[in-house]
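Encoded as structure tokens, the structure appears first; notes follow it.
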Amino acid sequence: MKLGRVAGTVVSTISHPAYDARPLLMCDLLDSVGEDTGDYLICIDTVDAGSGEIVLILDEGNGARQVLGDPQAPVRAVIVGIVDQWQVDEETIEAV
Amino acid sequence: MKLGRVAGTVVSTISHPAYDARPLLMCDLLDSVGEDTGDYLICIDTVDAGSGEIVLILDEGNGARQVLGDPQAPVRAVIVGIVDQWQVDEETIEAV
Amino acid sequence: MKLGRVAGTVVSTISHPAYDARPLLMCDLLDSVGEDTGDYLICIDTVDAGSGEIVLILDEGNGARQVLGDPQAPVRAVIVGIVDQWQVDEETIEAV
Amino acid sequence: MKLGRVAGTVVSTISHPAYDARPLLMCDLLDSVGEDTGDYLICIDTVDAGSGEIVLILDEGNGARQVLGDPQAPVRAVIVGIVDQWQVDEETIEAV
Amino acid sequence: MKLGRVAGTVVSTISHPAYDARPLLMCDLLDSVGEDTGDYLICIDTVDAGSGEIVLILDEGNGARQVLGDPQAPVRAVIVGIVDQWQVDEETIEAV
């Protein structure tokens, strides 16, 4: 799993029901100390994450389908939690 | 999922029925602000995407097979939607 | 899926029946205009691809097993088609 | 599988039961001689790994779910063992 | 699949039976002409590969579990064969 920061929503024409009523979010991928890596993933949100929040991203199709409760969902990346803080060696990083 | 821009069609000898009547598209992978990354994926199109359009790409075999409705399809990357716009921090990027 | 160019055969001691009578090919991975990327994949050939030919590579285990018709095959990368030509923006690239 | 070094815990709001009572650890990915690569994975711990320990990381959803004994778990990366030592060519590297 | 060169064994505390009596090997990943890439994978050995030998690596969980004959095995990378030689364009490279 990886850290990401929500940059905003993605508006698209996807018509698959797995995407109905669930926001699709542009998430910048972060490094282990919370800095932008320049890479990103577009994720389905399952935890009501807001713009700027640091989130835990699962990028794996079968697990993503289980989070959505939809074995047919054409998805790979989902936000599975909002990150509060983490430790890197002796330092604690607050996700604010 | 990732952003891509359709560059054109790929003509090949694939004889698997999953590829019949579905265009195979060369898609340039984009970064989070819509610039070319230099990388690409060849995707099966399921949404009638035209050359130059920005699309949402799912690069995962099991999900791709579910999009195609064919559990035997030898595929990994499919276009699942056409992107209209997205937000990166406070800015809205129009997919034109 | 990705573009590759067949560089030659790989001779190994694999004894799994999925590999019997099917050539194992060293394939250079190409970028979207057909240039070598420096990376490669070793693929099972299912389409009788010859050295120097540009091919479409599927790098995904479950799809590869379906191409081979062998649900037990320990494989990930297969050649699924020979590429004739493709378009990048307005230009057509012939696979010769 | 890859080598990682435990950097510390990650505190998040994940409510899926697969994450209950199992620490989520920030792990720096190491190269083959045990140096930091700058990349990381957030892993579920199944072996009681402590901060600073070198661990073996499995980054694959289906295997991770089997380690957890939970076919529904939305996970991809798990720590499957603590590394004692390894060899690189003629040299033995102790994981201390 | 990829080429690797066995660098040595990895000693760890993994207690899953899939790892019993099977060596865990540090394998340097090679490029298409047999040079080190600087990257590596830790693989379960199924073919009795010795230190320094060039091997074919399958890095895919479901296929790896089938090689081991254990549908529960928490593995992703296995050595599936020892490489004797391969061709890159007109040149034959001997794996010695």
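For clarity, chains are labelled A, B, C, D and E in written order, and residue numbers in each chain start from 1.
Going forward, a contact is a pair of C-beta atoms (placed from the backbone, for glycine too) under 8 Å apart; a residue touches a chain by one contact, two chains touch by 3 or more.
None of the values given here were measured: they were computed from a predicted structure.
Enquirer: Touching both chain A and chain B: give me those chains, sorted by label.
Expert: Both chain A and chain B are touched by no common chain, going by the contact rule given at the top.
Enquirer: Averaging only over C-alpha atoms, locate the centres of chain D and chain E and give their separation in whole Å.
Expert: 20
Enquirer: With centres defined as the mean C-alpha position, give me the chain B-chain D separation in Å.
Expert: Between these chains, centre-to-centre, one finds 33 Å.
Enquirer: Among the residues of chain C, which ones contact at least 2 other chains?
Expert: Residues 61-62 of chain C each touch two or more of the other chains.
Enquirer: If each chain is a node and each touching pair an edge, is that a line, ring, star, complete or other?
Expert: Drawn as a graph, the chains make one closed cycle, so a ring.
Enquirer: Head round the ring from chain C, going the chain E way, and note every chain as it comes up.
Expert: One full turn from chain C through chain E gives C, E, D, A, B.
Enquirer: For the complex, which residues does chain A have touching chain B?
Expert: So the residues of chain A in touch with chain B come to 7-16, 19, 24, 26, 28, 38, 40-43, 51, 61-62, 65, 72-77.
Enquirer: Could you list, by residue number, the parts of chain A that touch chain D in their complex?
Expert: 1-3, 31-32, 47, 56, 58-64, 66-67, 78, 80-89, 92
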